[in-house]
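Both of the next two complexes hold chain A, though its partner changes from chain B to chain C.
Up next, the complex of A and B:
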């Protein structure tokens, strides 16, 4: 019986490490530009489908090679959405930005349906037998997911704490105008934020598709989980989003033991609702007041 | 001809829905991204009651009351939030409603939906019923439009716009802003419920798949294209978007490409939202500023 709960917790950590990767990007964009980017979810989907495109004919690359051009295009998409849509709208009503990002998300999701259809697809990886650790099963792709998430988030940590660029990112997310006045190169900050957000979204998308499968809605459902994680950690707080992602993953998977699986998604919805109402600065509340 | 009547009925239902959203979004500045929930609540309440033998007029009234009460409850909890946080809270609310509809199978039959929703006897169900339904929908649209027009020109409507522009000014002028916004949300929810009721009894089959984020985006598009903050805007926007959607079906496309039509239509809707925000955020009919 303990093994059963342990298995659920392990599953939760695996799912949570991916949610954390999505949430980190979402919260970085929120931190600097102060808007919720709905089309972040579609960067996740595009990452996965571009991975599929480069692993299938005519390219037929192995997945680890296919990931490189796939991520490059995802980054290009992320930069393009900022350049053509969000940048011109930055000075207008914040809700215009939100509506435009909803429109963009819908446009990008339907483009996926146009190119690849609406059905579930997979990378056709060889079926891997689960490794057993004292009765708890983990597959190779799952192990890979957790490792990749840890590596990526460590690099992010080093970037934020050890480099000048990281310092200017933190300054910009604290107060964009002040950072601009102090002579921080805002173009560089903008580009870095979108590159990081796109890389994390695209990689997370490929990893998620490795473990399960991909469909055009995968980004949207991941986005809601990521958003719950962002709120849990406090909007704009990168480390909060990381812990929040893990928490959502575990809560969701352990809940399966107690409630009907049909309500699995309900956990994140209810969490978002409750957090917004009672604790909008997140439970860690390191950086409060952004509402 | 019957087909034209059918499109007209759909356009009217969506116009009512769009006008109800506009009361919250255009007048009160409440960016409700979960308005579809009230459409669904209206449709399901009326359908379930009338399927269980409650007379239709009574079921309709009950549906409107339920939508209004739930609207008031949602307002009570979410009006403390501002801007995009309010939008997310309402969006999540709609997702929760949809999950409930999908999972409470004993009541809603889950994804199978509710078939055979009865219509009033005098409307009937044959082809000749279309004209009658068109009449009902037309009258409904006219009543909703006139009602909202009256509200917009009353002190209530003007006060709402002050709240939208600057909440502190409204408070300084002695307006109870939470009360005003709650009223707007209750009326908006009742009218969205009414659109849902019309939908349920017209189509006679509903399932949770009819009330998703896609429909939210669709109605948002009607409001944004038509012009938020006016009543005529969403009315025309509803007609324009529904007719455009149907028009796409008549473009002669070889059958092997027909699977591309729906995604392309979606891309156009999404692209239209972006272009409107970039080039003409006020919509086709802009609000007159006096």
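Up next, the complex of A and C:
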């Protein structure tokens, strides 16, 4: 019985670490540019599908090699999103940016359908038994997921706290105009934000697809969890998003011990409502945490 | 546009002609001739035309020629609605053959019911179609019967206690209800039942909950994608049970996706005798009319549908919907088509026989 609950918690941590990776990217973009990027989900999907493209003929690379060009193109897509769509709209009101990102999300999702079809796809990794630790099962892709999340978020932490670039990023997210006036190179900040967000999304997408499979809607459904995590941590708060992601992963996985698993997604939506009603600035508030 | 108008005028002319020159009885068909189901639609149409040709060669409907008016629905619900509206209001037809895909069929069945037009389906399995009304029939077995089929399979294999999981939509919930009723009535016990959401990529929580009960067998009423994900993740997490499934997951794609995790699962699927004389005759006639072409998917059902409708029209002696409806009930009793017994019950549904499938050495085969 204890093993059962422990397993649920472990699953929650695994799911949560992926939500956290998505949420961190989403909240960084929000922090600096002050809009919710709906097409963030499509970067997740594109990461996975590009991985598929490079593992299939004519490339036929092993997955760990395929991940490199796949992520590079995902980053290029992220930068292109900003350069062609969001940059020209930067001075307009946030609603225009929001609508533009919704439009872009549809465009990118349907482009996937156009190239790869609506049907789900897999990397065709062999089906294997997971590793068992005293009755608690973890699969190899899941280990990768947690490891990737830990590595990436550690790098992010070091970047934010130990480098000038990280500090300028935080400054820009505090007040973009003021940071600009103070001589912080905004192009560098912009590029960094999009590169980080795209790498996190693309990597997460590939890992999710490794663990299960991919379909054009995968980004959209993960994005909803990421939204909930962002709100939980307070929009713009990177560490809040991390904690939020983990919290949602654990909450929804443990919930299945009490409610029918068919309604698991209900947890993240319920959290969104409760937070918006009672604590719109997130559990940590906007002041707390490292920004 | 010119071509469309041209063909519309052409079709109108055909109607005018059929109305003016007596000796033709027309029935409508909403068929996916364009759109994503067009690959199947052509086969449906050919099977229906083959049946009509045979009927007319054998003297037609009491001397009148049977004619099927095809309306394309572009494989969509919207297209189906416009198509049936046209067939009912402009062509004034009292019998219409419905479209493939249960969602398209369900979109138009209220229209048929309201306008007192007989609607017959040959490919629609959704349980809800049973509730469409008295003017709606189908020669394809309802999914609900699968619930019974799986229950019989479970009992036959000697499993007294199972965990039940099903996809959380109308189809899955409906099937599960029927399974539960039948299984518990035959002395079975459901240890736990849980719905799983459609289209997810992670079902591990569901699997762990199943595992907690340590069951010998799990009844999983689901589709291909969900089925593959569940089987794969169950294997990864060391859940070794006998999986029992329906026909919606019966596809080579399931094996492609879940690999060795599918080995040994057992399921049911609707089938019909492959060596009945009627079916042999159909196959011979098909080969003669469309040499070298394989008989299409659901072709037999479409063929039976037209044959039954013709019998009813003959029996009724007119195209009056209420008369045909009563005749349809009457002539169907004991009628053996290419797909077996097509006796309509009071809801306009037919029975079914079920085959059993399993996965052996990576291929789907019959379970014996």
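The working rule: the second predicted complex is superposed on the first by the 286 of 291 C-alpha atoms of A that agree within 3 Å, B and C clash if a C-alpha of one lies under 4 Å from a C-alpha of the other, contacts with A are read in each partner's own complex, and residues count from 1 in each chain.
Methods note: a contact is a pair of C-beta atoms (placed from the backbone, for glycine too) under 8 Å apart; a residue touches a chain by one contact, two chains touch by 3 or more.
Given the structure is predicted, the values throughout are model-derived calculations rather than measurements.
By the touch criterion defined above, A:114 reaches chain B but does not reach chain C.
In the superposition on chain A, contact is made by A:98 with chain B only, not with chain C.
By the touch criterion stated above, A:15 is placed in contact with chain C alone, chain B being left untouched.
Look at A:226: by the touch rule set out above, it reaches neither chain B nor chain C. When both complexes are overlaid on chain A, the residue A:85 reaches chain B alone and has no touch with chain C. Once the two complexes are laid over each other on the shared chain, residue contacts for A:35 go to chain B alone; chain C is not touched. In the superposed pair of complexes, A:265 makes contact with chain B and with chain C alike. Once chain A of one complex is fitted onto chain A of the other, the partner contacts of A:273 are limited to chain B, with no touch recorded for chain C.
Comparing which residues of chain A touch chain B with which touch chain C, the overlap comprises 260, 262-263, 265. Against chain B, the residues of chain A that register as touching in their complex are 35-36, 85, 88-89, 92-100, 102-111, 113-114, 117, 220, 224, 227, 260, 262-263, 265-266, 269-270, 272-273, 276-277, 280, 291. By the touch criterion given at the top, residues 168, 194-197, 199-206, 208-209, 211-212, 225, 228-229, 232-233, 235-238, 257-261 of chain C touch chain A in their complex.
Residues of chain A that touch chain C in their complex: 1, 4, 7-8, 11, 15, 120, 122, 126-130, 132, 137, 139, 208, 211-215, 217-218, 221, 252-253, 256-257, 260-265. Across the complex, chain B meets chain A through its residues 31, 33, 77-78, 80-85, 87-89, 92-93, 95-96, 99, 102-103, 213-214, 217, 220, 224, 259-260, 262-267, 269-274, 277-278, 281.
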